[in-house]
Amino acid sequence: MRIGVVTFPGSLDDRDALRAVRIAGGTPVSLWHGDEDIKGVDAVVLPGGFSYGDYLRCGAIARFAPVMSEIIRLAGPPTQTSPGLPVLGICNGFQVLCESHLLPGALIRNEQQQFICRDQKLRIERTDTVWTNRYGKDDEIVVPLKNGEGGFAADQATLDMLEGEGRVVARYLDVNPNGSFRDIAGISNATGTVVGLMPHPEHATEAGYGPEAQAANSTGDGTDGLAFFTSALQGVLSA
Amino acid sequence: MGRVVIDVMPKPEILDPQGKAVVGALARLGFKEFAGARQGKRFELEVEGEVDQAVLDRARQAAETLLSNPVIEDVVAVRAASDQE
Amino acid sequence: MTSDSMNLTPEQRAALDTVEKAATTPDVEQPWAALGMKADEYEAVRKILERRPTGSELAMYSVMWSEHCSYKSSKVHLRQFGEKTTEAMKEHLLVGIGENAGVVDIGQGWAVTFKVESHNHPSYVEPYQGAATGVGGIVRDIISMGARPVAVMDPLRFGALDHPDTHRVLPGIVAGVGGYGNCLGLPNIGGEVSFDPCYQGNPLVNALAVGTLRHEDIHLANARGNGNLVVLFGARTGGDGIGGASILASDTFTEGGPTKRPAVQVGDPFAEKVLIECCLDLFKADVVQGIQDLGAAGLSCAFSELASNGDGGMLVHLDRAPLRDSTLAPEEILMSESQERMMAVVTPEDLPGFLEITNRWDVEATVMGEVTDTGRLVVLWHGETIVDVPPRSVAHDGPVYERPYSRPEWLDARQADTPDRLPKPQTDDELKSLVVTMAGTPNLASRAWITNQYDKYVQGNTAQAMPDDAGVLRVDEESGLGVAIATDCNQRFAALDPYTGAQLALAEAYRNVGVAGGKPLAVTDCLNFGSPEDPAVMWQFAEAVRGLADGCQTLGIPVTGGNVSLYNQTGSTAIHPTPVVGVLGVLDDVARRTPSGWKSAGAQLFLLGTTRAEFAGSEWAWSQHEHLGGLPPQVDLAAEQALATVMVQASSDELVVAAHDLSDGGLAQALVESSLRHGVGATVSLEAACERDGVDAFTLLFAESAARAVVAVKPEAAQQFTEACQAQGVPVVALGSTGGETVAVEGRFELTLDELRVAHERTLPEALNA
Amino acid sequence: MGRVVIDVMPKPEILDPQGKAVVGALARLGFKEFAGARQGKRFELEVEGEVDQAVLDRARQAAETLLSNPVIEDVVAVRAASDQE
């Protein structure tokens, strides 16, 4: 199973995402923003960071990178021959997905006007996505969150649509760290192939380097995020 | 050399955390008469030569594809910069 | 790549101050004083050149001979760091003092480079950008050694928490440190925050960066090889911080604000991030002979240092420099401190490969000239010679001052005013409420409001960070080899006695690293002081350096680099001497580090070290009585060494589950912090320790004696652990055990973790969110 | 209800990384005619009643003390919002 991780200028968590894919048992493949070729990978992770410095708007410039045209084309609505390329956008990657209109809504500046780094409790609400099928419904986990512009925003109709179609993948518990509407931490497209998530599961895949905080369904050693990556291995196979 | 000014503001119905912070800070400094505040962006683009309608059309296109995100923002103005600006 | 050889107009040519013109117009008035030069310094330049300098030469000498770049006041003292480094201490030293940063061998072919620098004055003027560019600058020092930057730390000092200017300065500085470091993808793994009115008009922003590399990847700042090319790459040059190096760093602030508002530098962390990745690719492709970052004094520094550390000559075409502002004069280009620029020496054969990599990263690169064997640094401007100097005279042979120093006469009175006269708590109830109050003083309260703005996870190698005693990083993913780093300084101790104060700063950082399980290897320091022209300040400086150098010699760990920041004062009032010390240690496997909080009940608690009635300069004396007097705690470096030896061994034998060194706030604060860390309390009994050391409960709880730690030991390992302590001669006494929802002192009082948490966590948010 | 518009731009001599990023992105998208770009801020403040000179004076004061950082930014305009805005 080959999972590609895109490096944009200013990507930061790309090496961490590659490591997470490896720990999960997949084959990590580095992808370069300036290439249209995605090297035939089975799935793609758009990593965290500050692509192009996050100047203008987060993800706005990265969305026009050559590699994104290919990803947008392959990840688009499913066709008879293809269920759509699975894509996980983490933090800045989530912002790129919204700017690319692969996911609805947008991410705006944190309500408290500060960058925040914390161990964040989440509830996994949708488990029939490529990226969350190894979690149980309503599992409570802890993964790091670190962002300055992580507030998920959309109009009422879009929010109602997301809720109605069960497309909220993860929700913040205990603390809403950035003013996200309806405590939304992550959403998916209709088919569950494309997922955007503000917190960082790739930073909770190795014992000793993840969060110390625990939740009801925590693994106990700070590796609650690993299942995002093991899910993809599973999900791509059965797709 | 000409200059185009493009103004982009958060959509009224979308939460504007920066605007909210601005009203709060204004009130704390005693500027209580300002009951609301919104914070957007102002771009200035430079072109060789005159700013004519063709340039303005291109600038609007740039504003709508790159400089604003239609989900959360409106392009409120695209115009030639006046001389004092 | 060729110079934009737009020819100068006749008027421009006439206005240009060339070497030729300087030789024939010896009497032209020059603005050396406005550039911060003294008359004798200007004369010295004339003597070196045997003529008057050109405007461009004057610009170069003035910035390079400024206090900030030349260390002219501090040099005679700093020499001790080299002189007191014995051969044995150099065992792990791959690159010592003098390069951009020192490099330390940590084994398995890995090396680490680290250094701390100040950005104090710029951060007062423009907190966000000042702090941001401070981080940017120190990170470029690390890159220029050939290393990948892997973490930052930020020792900070502010005025009183309730002072209005602190509310302007602190949020901006913290946002700037975070904004830049987070965007670079460098985890922040620790630092310091201290509040003291002495910093009201003069906050301190020190930034430390760490990088890792393989031994064979070390790069140095020198220009060798006649005919090799000198390439400037990164951001364009603008008018940022022109004259900053001399004017900013050599001038004091007067009451109410800076005397001169310097042009502020604005950082572009994105450009720096790209520059980091680009440099790493250049190193990997082996297309760089020598490399230098551009910081203070910009091109003046890069040209002259590269040339004088190499074959001694260089010819550059200054008009080729890509500019952000086309109106800049050559003098300004030479002085500009625009950020995010680097300079490399590249062989002609490697140039295509070099440019391929810079293109891939969209980084602008320009061949400025070449290395020569003439022994002269020659700078051309559209073909005219505007600089022709011996590079060493600019970079290394600046003035050296033996500034007069004398022990301030007020010190006797201050030292005589001991805390003995202060009223102490009498009852257990008073002790109990003091524990709560102290947990919430500005200097002891939780730093989460600040540290939550820093990314500590990025890169995935952070084994430990805030609020633990030391930051711990994995360096090798296979073996778990890693480093622990801590920075410390109690400026009140240094104010009472700078020699001892500097040693206490060293001892505390050393202890933090040792307690976390790191074997201390090397030291970096940032010496923040007032004006060197004040003999009292100069004495403090001399004493602090002597103390630190002696201390390092005793501990057997060398100073590998650092920074001096002088003129930190408002009017004639200097800050407390603030010698910030960073210590780096190595762990064979970071999985066996010792965290500072206990995670579960049932561990046995021991107190290591001896407690004396040492309250001078303590947080108790200061926060409860605004008292600063007496003599600081005793330093016993042999005891620190023994403590670290025990703790490093215990961590690698996995005997201990947690350990916290005792420093500000003493034992009480350590118990509170270690209990709050994971919400697991403790029950302790003070009697045995009090009796052994002949002190009362108050002293045991709040004194700030050095060489102490509280350690949580697996019950089955208790005997082995105490024997290990005894074998090293480390005093050890059982305190109690972990568990429960309270911090309980048997027979005296009990505090719930909830009330302690509220007291500890509310101070900063209440003050700063207002 | 009246509205005051305040425009704040980075000082010309100061590095403007955002503007730099915008020109680069515009060029990559084929908008090569825009040779330079700067990005600043636009604030809209709401007041009860008319925007008269007194209000504008107060707004300028707010602009200069809070809404801009005089070390790196200029307040380029303080004016009543026109009706279309």
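Per-chain residue numbering starts at 1, and chain names A, B, C and D are given in the order in which the chains are listed.
Going forward, a residue touches a chain if its C-beta (ideal position, glycine included) is under 8 Å from a C-beta of that chain, and two chains touch if they have at least 3 such contacts.
For each chain, UniProt lists the protein as follows: A = Phosphoribosylformylglycinamidine synthase subunit PurQ; B, D = Phosphoribosylformylglycinamidine synthase subunit PurS; C = Phosphoribosylformylglycinamidine synthase subunit PurL.
These numbers come from a predicted model, not from an experiment.
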item	value
Of A-D and C-D, pair with higher C-beta contact tally	C-D
Distance from chain C to chain B - Cα centre to Cα centre, in angstrom	41
Averaged-CA centre spacing for the pair chain C and chain A, given as whole angstrom	36
For chain A, residues contacting two or more additional chains	52-53, 55-56, 60-61, 64
Of all residues in chain C, the ones touching two or more other chains	268, 270-271, 362
For chain B, residues that touch 2 or more chains besides their own	66-67
Which chain pairs touch, all of them	A-B, A-C, A-D, B-D, C-D
Residue ranges of chain A in contact with chain B within the complex	56-57, 60-61, 64, 98-99, 104-106, 108-113, 151, 153-155, 179, 181
Complex contacts: residues of chain D adjacent to chain B	4, 7-9, 22, 25-26, 29, 31, 33-48, 55, 58-59, 61-62, 65-67, 76-77, 85
Of chain C, residues touching chain D in the complex	125-126, 129, 235, 238-240, 261, 263-268, 270-271, 324-325, 338-339, 362
Interfacial residue positions of chain A with respect to chain C in the complex	9-10, 12-13, 15-16, 19, 34, 48-50, 52-55, 114-118, 144, 146, 148, 200, 202-203, 206, 208-209, 212
Footprint of chain A on chain C - complex, ascending	175, 178-179, 182-185, 268-271, 273-274, 277, 360-362, 452-463, 474, 477, 590-591, 678
